[in-house]
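Working notes, beginning with the structure itself.
Order as written gives the chain letters A, B, C and D; numbering starts at 1 within each chain.
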Amino acid sequence: MNVSIVPSLKKLRPVAMLVIVVLLGLVLGYWANAAFLPGTSPEQPIAFSHRIHAGENEIPCMYCHTQARLSPSAGVPSVSKCVGCHLEIATERPQIRRLMSYWDNQEPIPWVKVHDLPDFVHFTHKRHVLAEVECQTCHGPVETMDRIRLTSRAADGTAQANHPWEMGQCLSCHRENEVENGTDCWTCHK
Amino acid sequence: MSLFSRFMDGWRKYRKPGYYDEFDYHWTMAIDLDKCTGCQACMTACQAENNIPIVGEEELARGREIQWIRVERYWEGEYPNAKLSFIPIMCQHCDSAPCETVCPVSATYHNQDGLNTQIYNRCIGTRSCAVYCPYEVRYFNYYDHHWDSPLEQQLNPDVTVRGKGVMEKCTFCIQRIREAKDHAKDDGRRRVQDGEVQPACVQTCPSKALVFGDRKDSENEVSVAINDPRKYRVLDELNTDSSVFYLKKVDA
Amino acid sequence: MPNIDRRDFLKLVGAGGVSVGAGFMLREANKDATEYLIPHVVAPEDFSSGLATWYNSVCSMCPAGCGISVRTREGLAKKIEGNPAHPVNQGGLCSLGQAGLQVLYNPDRLTGPLKQTSARGSGSFEQITWDEGLDQLGSRLDLLRAARRGNRVAMLTQGVRGHLAQLFDNFMRQLGSQRLLHYDFNHPHTLYAANQRFFGQDRLPYYDLHNTRMLLSFGADYLTNWISPVHHSLGFGESRQGSSNERGRFIQIEPRMSASGAAADEWLAAKPGTEGILALALANHIVSEGNYAGADRADWAVALTDYTPAKAAEQTGIPQSTITRLADSFIDIQPSLAIGGGAAANHSNGVDTLMAVNVLNYLAGNIGQEGGLLLNPEPTSVVSQQQQASYSTLLEFAEAARQGEIDVLILNGSNPVFTLPQASEFREALASIPLVVSLSSFLDETTAMADLILPSHTYLESWGDDFPEPGMGFPVGAVSQPVVSPLYNTRATGDIILALARQMNVGTALPWENMEECIKDGWRQIYERGDAQTLAQGFDSFWTSVLRAGVWGETAAGDSEFTLDRSVISNIGVQAPEFSGSEEDFPFILHPYLSPNFYDGRGANLPWMQERPDPMTSVVYGSWVEMNPSTAKELDLIEGDLVDIQSLHGTVRAPVYLYPAIMPNVVAMPIGQGHQEFGRYAKDRGVNPIEILSPEIEPITGQLASSATRVNIVPTGRRSKLVKTSGTSRDLGREIVQFADVNGVELSSAGSNSIPITEVTA
Amino acid sequence: MVAETNNLGYTDIHEDVVRSIVKTGPKYYIALATAGGTTLLCFFFPWFYQLYYGIGAAGMNHPGVWGTYLASFIFWIGLSHSGTLLSCVLHLTNSSWRKAMYRSAEAMTLFSLVVAATYVMVHVGRPWFIHWALPYPNQMELWPNFRSPLMFDVMAITTYITGSTIFIYMGSIPDFAAVRDRTSGWRNTMYTLLSLGWRGTDKEWHRLHWAYTFLAVLIIPLAVSVHSIVSWDFAMSIVPALHQTIFAPYFVVGAIYSGTAGIVTVMFVLRKYMGFERYITKLHFDNLGKLLLVLSLLWTYINAVELFTSWYSGTSEEYEAVGFKLFGFYAPLYWEMILFCAVAPLLMFSTRFRTSFMPMLILSIVINIGMYTERFLIIATSLPRQYLPDAWGVYVPSAVEVSIMVGSFALFTTLFLVFVKIFPSVSMYEVKETMATPKLGSVAPASGSPA
């Protein structure tokens, strides 16, 4: 009688292969979704380009996101702010026309939120801006983006596109910069 | 290795005697029982400030109330000599907190401000902290709470809404402390001044029975109160070293 | 891969394909829902997202008139706190005041005008537009006014002060109607009457609890609902452990211990309705001991001869020694203050009782003294146009309605169907009124009987102002401003009235476009009269600073000189109280008291208040009847047993609560629950003891003598679970609440379980 | 005792055991379907409901935040005791009567632990984050709290499960080999894999014995520590009536007590329904009975000490706690527990009682009911009545909790039923060791044939 386990293992091979293929398939499908439909750069109601505004025209971030240095939330500019410039500039372009139709109807523009944190996180733009953290540190090279893409900061300090923020990323920066009480849970959680 | 040394650092820090003396602040509350009228305005203030859910009659009947601060009542004697005393009980922010040692995931720990923390999103809901707490001030979310629309519009955006399976308790209104520190930083100050932070309960108390402040500042109201000859701490015999001091009710 | 045939391969490919799809969908399903960032069309000036904005305003949850600061974020109200600058509450605020947010965000609010479509009370309403609603009411009013039958229009409002009250007044005058009735269940008619008779003033004096060292309260639950509870709490705290070295003493005399009784140093239970006799006995002792040396001493001695402590001891059940001790300490400890209210003022001898309390203040020299009772000056600006209707006025009104003399009734916030006893038959009287219009924000019991509902804004959405009564020894005013934009299709009460005025073409008398203008105009007059104590340049900056501060005051002090009319002295005297029902059939006296949580029931639709345990019993979400444990033992009842409480005028059923501090022949019930309407949180919860009150009145004021009902307790043999948050309310010698003597020296209590405490030294 | 197995041959053993694995009657399937169905219906369904709704589905409240879930957890941990522990102790003391029953006892340990571990998941509010209680490097850079007795618990139980699994598996390898040699088809494949190529050479036997003994020595302190640590969950709190130094031995004794009683129950079932009459004999019941008796006396003593300590403390809190336990809301359960665990076992002073199967079965079940009550009372009488009387409450289990408790027994039964079809539930080689060497010719090869 054969006591070796090898022949028995051989008999199991089809099953094992099936399991491996299924697992691989799951990973592949998940990855495919992440790669091709990341959902990290959603289409906006108006194809606003940060590249043109912040990049080419070098408009400072805080010109539109005025609240970033005053308030926990950076805020989006009011429609009137956009209209303020575009009454004069590039009035004939289709996207500007679209903007004007919002303005004419006195409707707000429903921008899709890209950078989002869970409800239990207390993040304040104000403290980070006042501590002279560059906007790009957390939001990536916004001035190169035509459409905003979710970007976070990898542990090595580089921008990490399509990757949501994780606690470790906040922490590594807080550690590097020796932020006061920067690793106390209650500094960032509420 | 760095992980390990960090771990050892933390360990040594916790083991070091006098660690708590190095706190930046030592937030403390003093409650004058001689002034407390049992009106429970503090409870409503807390409920409004901290998004404490409305649990409903059935759940209350099952003993599932959530009250970060509650006013306990104790009767003494019988008619006609019956006497009733009130005592507000909230998280005592013990410096030797029994709850902190038991949480397996460190969702509750002591922070550098002398506060007993509760990190809701870390909590896995073993409820052991509530067992270990002799003051019974930890409340558990037995299910997801619901606010009949539009009551949810009142919810304080500075405080998270706790989901099911999470323990919660008084935070000394950490969001207000955080805001005060923020203002202090804006003004270029190192420290928060006395009176800048008032938890919701202290702010609203109609008879001003509650006083809150930083014990490190020996001049302020709370330091005076906790050096009053009438001061005591509830269940002091358990050596919890709590940060809530009570001033004895005067029996005249 | 060796040895794989086609079939196997295809199988593997199939399985792989399915799992790729599954993996894809797995991530797809786990994606967060899209969130939007909605900007403003035009950035508002007064707030920015992420930052809180505070608005100062006035609380309207009870008549105390506290100042509030409302915290808003992104245009939503988040929290109400006391306005630290407001002299009434100085930053403090009671539970009910804070729960005002749930009035604003109540899920049961009326969202727009409604019209009753079938029989009244059937609850079938259809939505209409504001124009339709105002048209229906306005044209009717216009017709009546044109026909000079304006007096067939009545307006029944909750107690309203300030310019809105003036507006109502003006409006009704234009209509030609004298039927403007303000009605609050808790309005202290007897207190006003007693003070009027004693001091000759129509307004209340300021009771200086802050500085008093000895307070004798005859039934007034000053910490919960008497006049200005938050202000009294402040005073209580200040007197107890404030700047003074001497700790204030508080003595409470009432048949059932209230929160103020619990806070007091001594709680005494005099037989219900005999508080006035007790007060006069104290006065007698003061005079006979020679502790009063005024010129009219002889008059007093004569007036008080019948009220010797010995006699009073018999009548009140309080030992003579206690009476003399109280009288002596009332003189010895200065400043002292006696106040009266609550059940003591709600007996058939209510005014006399409160007169007797004033006698004590007079004899002890407390009038005009700091720590005593300060007379308020004549308000030099806006007079509070309180035209509070008493119970008998409402009865007259109901009778007029039954006689068909009323064509239109406009209700504003008042809920008489709930706050009047069934014996008044007010609900039935409503049926005789052809058109009932309610301006309430909620579908309360009375509004449910309306034909037309024109819902008004809550106080947090509308303009208003308030001049607290009593003043703080000086006149105080505060402007109430909208802190959020209106949630629903409702309108401010003032705007509705103004719209009606325009419809009736009396716009010239009421020329304002809206309430904001009306109020601004009123304040302009205050400013222009020159008594505005402000350095502001011009009205606009005055107005802005009033809005910012939320409060405004005048530095006018009351005339402390006061001479008592001698005729008052000879008329002093307190009769024994009268009760409805015989002692044999109805052995217990019902002591209804305002719930600390719901006031007169208006807080019952607020879930926070429903979940706030009753301070004394910790009961939530329900009604109960309190009785002495010895009484319960006699009746063989335990906590939670359902009993019927029967009076001559009805029966209610409630579970028993054994209350250690209530007289054995008295049973007490909280007022506030027992709504049949009023939203999901209030509806069909508990019982309303007002229903069974006998229509006994206090003859001088016509106020309902709400403490004068005798009841019988009939066990039903059934039980119901009393929902309480409290476990065992005895501390079992655990020294949870500890006591000290005045110097802070610990008082040892029996049965202590102390273990030697070792101080942890870190 | 040798006498009783004397009429057995080696072949008989093989046949009996292999038959118990291979031959499956409809009764088995009915039993399995019933147990499995009950598990689904009473355990998993309510649990999933609870996951969806929240722990509120159970009867826990404030301040009774722990309830039957934890009581059941302790109960199952307790039941797990004696299996492996008893097996180890008896192995080391060369008590040969152990050999017929130790396999099933160890299986009991394993499955009780599995059920107990599941109960941890049922108990916590957010079981989907339960992995945070394990120390592993993560992007949050967070570690569990190593000071927490619950953390000790996680460690102790994982170690115990690992140890017990290895122990039962290693002890079964020769038997797997034996079954392998007598089966064919997929069973043969399975047992070939499970037996890891066991041939039965001297070297292999030597190593097996050495490793087995080593593990046995290792597991004994582990078993003691596990229940001590479980007791610290309670004893390290400052809850009156729980904050007691006696708790660790109390729990260990209680655990062994209920575990031993559990073994008696399982042995009866195996004997009766799996056809092991010839292996599990009166002798086993007699010996276990003696053990049970000693344990019950110990348990009674510790209970008395507990009461004494509370009385001696002289504090209102302890008085109240004891008073409530003895005369309060749950007093009937307390006296039931005393009757079942302290009084009833005294019957076992009689040898006749010990050697009668049915009475022993009933007693063993009664003891475990009593022991479950004990665990329930520890939680239900102490937590809701702590230091502040105003915060007191009452804890009453809900239908979901009761259902999950019933379901947990079904889960255990299901696991056990699956076990008896996979594992040789009586250790063949060790039973053989107790027998006289058979005459040549009548013996089948112990395992395998030389290649």
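As a working rule, a residue touches a chain if its C-beta (ideal position, glycine included) is under 8 Å from a C-beta of that chain, and two chains touch if they have at least 3 such contacts.
Everything numeric here is computed off the predicted structure, so don't read it as measured data.
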Selected interface, C-D versus A-C, where C-beta contact pairs are more numerous: A-C
Distance between chain centroids, defined by C-alpha means - chain A, chain D (Å): 51
Geometric centre distance via CA averages, chain D-chain C, whole Å: 63
Geometric centre distance via CA averages, chain B-chain A, whole Å: 36
Residues of chain A engaged with two or more neighbouring chains: none
Shared-contact residues (touching 2 or more other chains) in chain B: 65, 70, 72-74, 109, 122, 234-235
Chain C, residues touching no fewer than two other chains: 618, 726, 729-731, 736, 755
Touch-based graph of the chains, sorted into line, ring, star, complete or other: complete
Chain C residues touching chain B - in the complex, by the definition given at the top: 73-74, 76-82, 89, 91-95, 97-99, 101-102, 104-107, 223-224, 229-230, 233-234, 236-238, 240-241, 247, 249, 257, 259-263, 265, 267-269, 487, 596, 607-613, 615-616, 618, 620-622, 628-630, 660-664, 680, 721, 723, 725-726, 729-731, 736-747, 754-755, 757-758, 760, 762
Of chain A, residues touching chain D in the complex: 1-5, 7-9, 11-12, 166-169, 171
Chain B to chain D touching residues, read off their complex: 3, 7, 59, 62-66, 70, 72-74, 89, 98, 101-106, 109, 122-128, 130-132, 134-136, 138-144, 164-167, 234-235, 238
Sites on chain C touched by chain D in the complex: 618, 726-734, 736, 751, 753, 755
Complex interface listing, chain B residues touching chain A: 24, 109, 111-112, 115, 117, 119-122, 158-161, 171, 174-175, 178, 182, 185-186
